[in-house]
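Here it is, the structure, as structure tokens.
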Amino acid sequence: MAASSDTGVDFRTRLQNWLPKLVLSPSLAVMLIFVYGFIAFTIYISFTDSRMLPSYEWVGWQNYDRLFRIREWNIALNNLAIFSSLYIVISTIIGLMLAIFLDQKIRGEGVLRPIFLYPMALSFIVTGTAWKWFLDPAIGLENTMHLWGWTSFQFNWIKDRDMAIYTIVIAAVWQSSGFVMAMFLAGLRGIDNEILKAAQMDGASNFQLYRRIILPQLRPAFLSAFVILSHLAIKSYDLVIALTGGGPGNATALPATFMYSYTFTRNQMGIGASSAVIMLMTIAAIMVPYLYAELREKS
Amino acid sequence: MTMMKKLKMTAAVLALSTTSVVAQEVEVLHWWTSGGEAAALNVLRENLAEGGVGWTDMPVAGGGGSDAMTILRARVSAGDPPTAVQMLGFSIQDWAAEGSLANLNALAEEQNWDEVVPEALQRFSTYEGDWVAAPVNVHSVNWVWANTALMEELGLEQPESWEEFVAAMEAAQDAGYTALAHGGQAWQEATVFDSMVMGVGGPEFYQDSMIDLDPDALGSDMMVEAFERMDTLRGFVDDNFSGRDWNLASSMVINGESLFQIMGDWAKGEFVNAGLTAGDEFQCFRVPGTEGTVMFNSDQFAMFEVSDDSAQEAQLAMASAVMSPDFQVAFNMVKGSVPARTDIPSDDFDACGQLGMAQLAEASANGTLFGSMAHGHANNPSVQNAMYDVITAHFNGEFDAETAAEELVLAVELAQ
Amino acid sequence: MAVASTDTAIRSSNWSRMLIYLVLLLFALFYLLPFGIMLVNSLKPLEEITGGNMVALPRTWTIEPWLSAWSTAQIGVEPTGLRPYFINSIMMAVPAVLLSTIVGALNGYVLTKWQFRGSTIVFGLLLFSCFIPFQIVLIPMARILGLLQIAGTTPGLVLVHFVYGIGFTTLYFRNYYAAFPTELVRAAQIDGAGFFQIFRRILLPSSGPIIAVSFIWQFTNIWNDFLFGASFASGGSAPMTVALNNLVNSSTGVREYNVHFAGAIMAAGPTLLVYIVAGRYFVRGLMAGSVKG
Amino acid sequence: MGFLDIRNVTKSYGSVEVLHQVDIEVQEGEFLVLVGPSGCGKSTLLNMIAGLEGITGGEIAIRDKVVNGVHPSKRNIAMVFQSYALYPNMTVAQNITFGLEMHGIPKPDREKAMASVAGLLQIGDLLGRKPGQLSGGQRQRVAMGRALVRDPDVFLFDEPLSNLDAKLRVDMRTEIKKLHQKLGTTIVYVTHDQIEAMTLSTRIAVMYDGYVQQLGTPKDIYDSPANLFVATFMGSPAMNVLPSKLVERDGALHVLVSDSDGRELALRVENAPASYAAYKDREVLLGIRPEAITDPDGADRNARNVRPMTNTVGVTEPAGADTFVTMALSGKDCIARMRADAEVHPGQPFDFAVNMDKAVLFDPKTEDRIA
């Protein structure tokens, strides 16, 4: 708004021109140090032979080389692919469905909405034990079903090497689908009703109305949901620790748990850092195009 | 910007209150937060308080101390290490190598630690000949805990060999019991594995494979056999074992659902708390095949280098209190472990405790006292955890025994 | 919702409405289940838990676990309960939430109403900070806190949470203010209001919904944080989550599940309260622009 | 020297110049309207006068004081915005006095000023309300009140009526005109509505594509548009523009057009300016306003140069006061304006009267008026 290139500016205007930048600069400085500085530090560490504490002995690509030869890392990457795709898709579907249903002038929306939303308020440090119980066949859902007479019921995924990752998906969906619902609900509430009426005049059925008219207009909400969910997926840590501790075996390890374990438990900080760099690059691969599109749109 | 000003003032006030109000103070980072342990530690706190030394408690539970170790890194990086940190095995050596630990030689000499602490323990409490940590206890991990009533019901005697051990478990399984109570967590599987390696190959093989990391030993037929024994044990474990905490596994033995549990001596506390008497309602014996050897881990308080004099005095006071026979007895009776010094009479301990103390002294004398791989007393954490990965993957059915031995060689190589 | 009319143009049959209600209720059940398990079991004596069905209602109701978790449970060497840590958490969360919200609001104001060359890049840099895995910052952060002499103190924790909250609060406020009419700012400029006056008198009074969003988001994140709390707070200043972890994750001994659950619900209390009280502002605030981000 | 001088002002965003060499001198008490389609640069110019946008080149002076770089609040101007820009969190009274408060004027004085403005605009009973509780017209009044209370040198209006419905817009237009006549203030007013421009202004600057196309009194602009853009932009229905040919017949210049059947029609031009000679036997564009084509009885009595023309009626649109007729001329739709009761029937021939006094010719290439 205020063009800084113009000549003959009085003091107050000059001050007013500088104030915005002045106000923004502490945040920028803090970010440059605490985010980008630390990222640079991590990248540097990933090329050193740091073990328990940072060391500055340069070893080149050795950590990356080792990283990809470690079986657990490949399991973690594989798990991340399974986990994040299912988690994002299911959370989005459930969130969207609940939002659409809630948007049908539902009696008791005021009660239901906070119920759907509250899991986001709780950390897995709080709910982890309850989840573990619920999923544990001996005391949880399976046992309860057996007590209620459905003796053939089986739900022992958390104990099953091949299925355990799906229990992580269930808990993760439980936590964030309500938040996705809120985003979609906000999007739905923002759609102009006249468009909907016009479409109904045009003879669109409810299904067509949603598919052809409403969903396309929710594109920004889809995008936000995708970005937030994918960053939650990549950062998922306490979820796994609380539910399975990475087990059975290493079946539910994710890159975040891998990184923590190598950096802090196993005293292989160099390898931990290199896995962190790979995670960061993955996040950047998702975020940078999004940010670019988002920011270019404005100018 | 008054906010910032207020914040700074709060910071200043806080800084004052944490450093200079109490003249002498120790800050102790530990993960002993359960009722019994904390109460035992409270004895230490009160002992110190009598001597005018304050205690700032910094408990960080979880992950068998791994969270505490993370936090320790943060504290050391910040240039603000705690006075004393509960620590296991190789971590002490690593921190000493970083030059972060204080030198306790003067106190050790005065109190004659060299004589009373078993040599295998000194391997961890000292670094390049200097005392850097005060050992609190010695846990040994190659114990079997058994339900006496169940053994009687099945007509079993204490097994003397691996074959008898298997036969006993078969009998229990046939009678509809879970023969072996086990919790599916990597460290628990590794704990069992320690005993299997020792049982198959004896002290020499344990030394070669678990401590010296000789690739030939790690990939040998004996290692394959150790894994095969793990397979055998897996056959006696119920399907619901994954992720189960060890104390829940202990409860299975206590409740008579299970016959045996292979676990370190800290399990005894569970039995005692449940009102059972050692040697009477429950039995403790060495894992068949490992008799005569003791695989141990030892909780120690590593003392960090602190700068000012009063803190140093407090630190020495704490080290001295830790090593005092009173505390060693009081603490270890609660914890199920045995004192870290061998000159303490065992009268106050129960049957299992007395047995443990006697066997420790014996193993120490015979050179069959070994650090436990599962508890970080055989190798550094990276190797330890790399072994965990293979052992737990095998136990969960991802590898057969031969592949597991091959993977073990590779994993250890990558971790070094 | 008061903002937009909920007069949806969509009509549906009675039969399908029944189905909708059914699905919504089933999901409500699904969402409530873990919390329900916690609540039910926090009111049982321990014997009932170890011996019984996890979803069964208590045969004997007791609030003993709650009292124990609050004031007598063993956290570390002293049986203090969670009470002192509750206060620590408040001392940490409130300033951090306030600071990050204020700074986020100012940033959003600058980034929308006072754009300058490169301001979008600055925004991009701030935004990307939301997405770094926190584990990687522990060690360098510890160094810096040490240098600043605030390691192990509550102000140190406030700083950490403040720093890593800026990205999200800026995002929220920027998207909200982007929809705020620029003409109002111009009018105020002509009226002679300065940079801060415009912010305080014109934008801030209209920022209720987004302040609620930012507050809820920051408060829950900061309150629930464990990693930073455990790493950067020393003993006495540890926040609630760290104390809860010490209560729940103690390595040995009898696990008092009922006390653990009572403690967990207590630890979650403030965030739950915030969600229930301010939850509707959350959707409203999201509607008012932040969905775009 | 005017009261408000805009001297060779340009505006660029990066390397793109969006406003080229604007040069306008506004006298005290004048009502200048900047009119043009969206994107023509009129709002940019207004914002530059206000100080909300920087000036890339040239200078702007108010009362002989160059105000380039002077903060908006120090220019002694007031502005009424399209959206009114009322502060939603403040009451009407607070909205009006906010500017005075910012300028440090003591409370009693503020109250007095507000009371007089409230009286002037008849908004005394709204003072305690919030903008959200006001109707469109009331908001408009409050916005004007906020500007008036400052007693500025120059009032700036940025499309102030475009958010009102048609009826209210006409009312408010009159209101603004009354206020201007009563207070005699200097006003710069931006709109895209040419009727507002015509009715309100003492002078109009028609803008297009970053250039001032024509600056003049409403009559100048309407009768003697400088170019095709101004001609078609101003006036409703728009001026008819017909491809035609300028020829000399019987010693006089005639404009040739073709009727709906393609037959030639010659319309004689009297008192042709000398410049027409150069266009003899060339294609030109004939511009003629609808009201210059009427039924013979409706023709302007004072016109000296009314020509008859017979053509087939296409469509009739009775509009109450007038009836508009669309017919084909030179292959284009041409609109004529009849008296309401003229007997015109679609599909039938009709004798029109064309007032050639009002006709103008444009060069088809440059699109400038041939004058």
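Per-chain numbering from 1; labels A, B, C and D assigned in written order.
Heads up, the rule we're going with is that contacts are C-beta pairs under 8 Å (C-beta built on N, C-alpha and C of every residue); 3 or more make two chains touch, one makes a residue touch a chain.
Since the structure is predicted, the reported quantities are computational estimates derived from the model, not experimental observations.
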Remove chain D from the picture; does the complex fall into separate groups, and which?
-> one piece
Could you tell me which two chains share the largest number of C-beta contact pairs?
-> A-C
Centre-to-centre distance between chain D and chain C (centres being mean Cα positions), rounded to whole Å = 56
Taking each chain's mean CA coordinate, chain B and chain C are separated, in whole Å, by 37
Between chain A and chain C, what's the gap in Å when you average each chain's C-alpha atoms?
-> 15
Multi-chain contacts in chain C: which residues touch at least two other chains?
-> 138-141, 186, 245, 248
Of all the residues in chain D, which ones touch at least 2 other chains?
-> 51-52, 71, 74
By residue number and range, which residues of chain B touch two or more other chains?
-> 63, 70, 73, 76-77
Touching residues (chain side chain C, partner chain B) in the complex = 50, 74-79, 95, 98-99, 102, 138-143, 145-147, 149-156, 158, 230-232, 234-238, 242, 245-255
Listed in rising order, the residues of chain C that touch chain A in the complex are 1, 3-12, 17, 20-21, 23-24, 27-28, 30-35, 37-38, 53-55, 103, 106-107, 109-111, 113-117, 119-141, 144, 163-164, 166-167, 170, 178, 182, 185-186, 194-196, 220, 224-226, 241, 244-245, 248, 257, 260-261, 264-265, 267-268, 271-272, 274-276, 279-280, 282-284, 286-287, 290-293
Listed in rising order, the residues of chain B that touch chain C in the complex are 3, 7-8, 10-11, 14-15, 18, 27, 30-39, 41-42, 45, 55-65, 67, 70-71, 73-80, 82, 245, 247, 251, 266, 269-270, 273, 335
Using the touch rule from the top, collect the residues of chain D that touch chain C in their complex.
-> 47, 50-52, 71-74, 77-79, 81-83, 85-90, 98-99, 102-103, 146, 150
Chain B residues within the chain A interface of the complex = 63, 66, 69-70, 73, 76-77, 94-95, 98, 184-186, 239-243, 380-382, 384-386, 389, 392-393, 395-398, 407, 411, 414-415
